[in-house]
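What follows is a pair of complexes built around subunit A, which joins subunit B in one and subunit C in the other.
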Partner chain A sequence: MGDRRRFPALLPLLASGGVLAFVGRAVLALPPTASGLAVEMRDGAKASGIKNVVTAVLLDFRGYDTLLEIAVLMLATVAVLSLREDPAALSRRIAGRAGPVLGALTRTLAPLMILVAGHLVWVGSSEPGGAFQGGAVLGAAGILMVLSGYAQPAWAGRRMVRWVLTVGLLAFIGVALYPMLGGGSLLQYPDESRKNLILFIEILLTLSIGASILSLFLASASATAGGERP
Partner chain B sequence: MNVLAQSPGLLVAVPLAGAAISFVAGRRRAPHVAITTALVVLTLAVALAVHVLDGGPFRYQVGGWGAPLGIDLVADGAAALFLVLTAIVGLVVTLYATAYFRTDDETAYGHGLFWTLWLFMWTSLNALFLTGDVFNVYVCLELVGISAVTLVTIGGGAEALRAGARYLFASMLGAMTYLLGVALLYAATGQLDMDVLRTTLVADTTAATGLALMIAALVLKTALVPAHFWLPAAHGSAPSPVSAVLSSLVVKGSYFVILRLMLDVMPAGYLPGVDIVLGVLGSAAIVWGSVQALLQTRIKQLVAYSTVAQIGYLFLVFPLARHGADVLTLALTGVLVHALSHGLAKGSLFLGAGSLMTRFGHDRIADMAGAARSAPALTFGVALAGVTMMGLPPSGGFGAKWLLVSAALASGEWWWAVVLVIGGLLAAAYMFRLLSVLLVDAPTELHASKGDIRTEWLPLALALGAVLLVLAIPLVSDLAAASNVLIHAGVTP
Partner chain C sequence: MSTYLVYTAGGVLLYALGTYGLLARPHLIHKVISANFMGSGVFLILIGLGNRSPESGPDPVPQAMVLTGIVVTVALTALGLAIVKRYYTATGLDNLDDKPSAGGDR
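Up next is the complex of A and B:
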């Protein structure tokens, strides 16, 4: 019995060991320094007028990757929702209650976190920050509010919530398609409105990313708390 | 706006917009969103194919930056063929699904999200066929993987959840391995664009390791034997419209990237021996998958193992590609025709199997006698799809095998032709096993009420397409000639 169990475990172990050696050899063969596309990125960022190179890569040079990544994020949320049979059951399971400490903490923290989320998006064009960071903080604020009973957790079933989850992707697609009217290609922001368009996308993305995080949290919380599948 | 020149961008943006809109449209309007999207995407795919036939392959710079900084889409003949195949099968599956996932079925919560998930998957397949960037492939693979796994589980039930979990692990392992490969390749070369890599790739341990990992990951995603372990359960236990899409389209997505990397990006012999290994594994897949299909007692498991076998043919192009331009042209055209005919026929078989299961109320092949009498159109569709699977003339499957056998004989490596013949005979054996039961003239108690014009006739439509494909082979060879593989090999001027 023990042998039969140990043998199949040995195979993946050997396989991973082999891959590790193979990759290790490849990594050791690398030259000590490599520039990659760093020069092109700096020049491109200068041309685009977006000072933060990370934001320029994410939303401009490789904005297409990000568009699809946003789709991945929304898809993951839809995927989790599709596995849940009854969205209304959620509100019954997480009955958040605010004790004096959690209540006071939430009243202080939640507005501050929403403010920070806005700030992160705003500074994203020149300093570290942006929609993903802002969305993460916003989502965390939402989780805090649900846990302390300040927000209704009857989340996934509502039509309005679906709109919030989708609005970032819809705005991104709209902005991506807009340059085509003028003969440009997908996501080819016009130079004069580049900064404003990117800010517009980032603000709406922040809302959707925050909503996604909150939805994923609520859906997984309900799965561990109840586990009532038909 | 020039729709022809913009078609690559639109082929990704339109289904993506459809996915987002179907999510907020609500249960009743979502099917209409999906049908509209399907019609627009089919038009765009045909427009792109026409544009490629007229003016040859073209590149599309997303964001206007261009490689190496930006991401370029590549519209060539091979991509056009896969896009059109996806659009045709996609439209038929969408129409079939309107009958299969009834909107009045309130108990199935997940079903309301089928349309959104399916349009996300369609987006990612189109993106995968068009992308010219090795990192962007990773993003597309993530999108394909998550949507595919979720669609497998959408019908609920323990079996589907188990199959979905296994599929998820295989899919994640593939995606992570691919990403590791891209990281190594980028570290060694500083480039992500396939065309830049094609012209700049030099012998280098790190780059070769990266590419080898990428190929291995894609082989896992394509379910080539012995990495097929996740496929029969996932394709067999998914709802039938989903099985059709997974078998006829999704495995081709990752295969298409292997094709690009092996025959276009890497110079010949860059990874020595890998082409032979892929050919040998392909041959093993043909034999092993067919034998397993022969042993199955449940209809969808039979069809799923048949996919394992049919995937094998696609890999015979790699060893044959070493034998000069003429053999490469024959072999490439052969695998492209095979991908199309298998896509259409397998779509038909899974949709037909789904209809038979609904009508009979079970999936045991042995108890499906008499189907021909009470569901003639459906049975005829399954039989026609079987004809192309076996490679009998006149059918797309016959055209594909003819081209591949010619390539094998012209290369002097006749043993690949033997594999092709054995594969055809085994396919005949497992298809006859199914058909001999369906065609028995016996009284049956079918759920007549569950028949629907869509579920009866759409499988036949796809099967007819697979048979009539034989007439379109000249068109396919024109598009093959307009593929970057043949252009960069110097075959097409």
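Up next is the complex of A and C:
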């Protein structure tokens, strides 16, 4: 850290100071109370049959955002998978390292985590929870299993993994496009099956999100260490 | 000072810190972390501003947006780290100062 480094840091300092001033001013200029959309959303959620307001916003009122978000996650997964360079075997490197304690812990925790993931998706329609929370727990269970040296099962070949990765997005796109066949608009769920459709999307999304979290982890772990082909 | 301002001001501060780190730190992993700082700042601002109505409770729309944003941030972080790693294996460099930082750059 010589003068050479200290001098150019002046510009970033000015930039971040400017950001601080402008955003701070903008925030302070807002009125201290605002009604927001809480009331409308709660009424709308009651009408849609999804009791958890955040889930209703995510998959019903702002379904388009969530659809694009899943697409972003898929794109990032594809990009990370194509950036990995040495798909040797992460599990081979790790397998020898998992001791009996980690193995026993994983045998206890992994089924429990899968159960928790399912529970989170199920309660997501009425209480805090949903596809993202469930998917994160599912992905974490997978990472734990990989780290404790569990081999990729034979049925989870490359083709299977690709299907699991994309099934959530494909199902979401399918459900989003379906109403257009009958002259409706994008993401206009039919009222009578709204709740079931949302639950259907959420379950498949959970699988895809879990799989993509695991793939992101495995693919970035592989770059220098060598990794299982996800 | 109302509660929402504490969160919002914290968010603005985090965002400014992240801006500085992103621009000033030559180390690539520092840049990824700085981008995460900026993201967390935006989330705090959104959550803070969504809680300005004492009578009707927190607004669920910013909460859903933050939930969306967290997933996008995870994707961004993973992609950023993958690119940093690839850059490192391709060039042996982990920063933008054109020299390997063997403990010198902090």
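In the analysis below, the second predicted complex is superposed on the first by the 200 of 230 C-alpha atoms of A that agree within 3 Å, B and C clash if a C-alpha of one lies under 4 Å from a C-alpha of the other, contacts with A are read in each partner's own complex, and residues count from 1 in each chain.
What we mean here is this: a contact is a pair of C-beta atoms (placed from the backbone, for glycine too) under 8 Å apart; a residue touches a chain by one contact, two chains touch by 3 or more.
As the structure is a prediction and not an experimental result, all values here were calculated from the model.
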Partner chain(s) touched by A:Val54 [first = subunit B, second = subunit C, both, neither]: second
Which superposed partner A:Arg62 touches (first subunit B, second subunit C, both, neither): both
Which superposed partner A:Ile213 touches (first subunit B, second subunit C, both, neither): second
Partner chain(s) touched by A:Gln188 [first = subunit B, second = subunit C, both, neither]: first
First, second, both or neither for A:Ala79, with subunit B first and subunit C second: both
Partner chain in contact with A:Leu115 - subunit B first, subunit C second, else both or neither: neither
Contacts of A:Met180 with subunit B and subunit C, given as first, second, both or neither: first
Subunit B versus subunit C as contact partner of A:Leu37, first or second or both or neither: both
First (subunit B), second (subunit C), both or neither touched by A:Leu11: second
Subunit A positions touched by subunit B in one structure and by subunit C in the second: 19, 23, 27, 30, 34-37, 41, 61-62, 65, 69, 72, 75-76, 79, 83-85
Interface residues, subunit A side, partner subunit B - complex: 19, 22-23, 25-27, 29-30, 34-37, 40-41, 44, 60-65, 67-69, 71-72, 74-76, 78-79, 81-87, 159, 162-163, 165-166, 169-170, 173, 176-177, 179-181, 183-189, 230
Interfacial residue positions of subunit B with respect to subunit A in the complex: 1-2, 6, 9-10, 12-13, 16-17, 19-21, 23-24, 26, 60-65, 68-71, 109-110, 113, 116-117, 120, 123-124, 127, 135-136, 139-140, 142-143, 146-147, 149-150, 153-154, 156, 177, 180, 184, 186-188, 190-192, 204-206, 208-210, 212-213
Contacting residues of subunit C [partner subunit A, same complex]: 2, 4-5, 8-9, 12-13, 15-17, 19-20, 22-24, 45, 49-50, 52-54, 56-61, 63-65, 67-68, 70-72, 74-76, 78-79, 81-83, 85-86, 89, 106
Partner subunit C, residues of subunit A touching it in the complex: 1, 8-9, 11-13, 15-17, 19-20, 23-24, 27, 30-39, 41-42, 53-54, 56-58, 61-62, 65-66, 69, 72-73, 75-77, 79-80, 83-85, 130, 132, 209, 213, 216-217, 219-220, 223-224
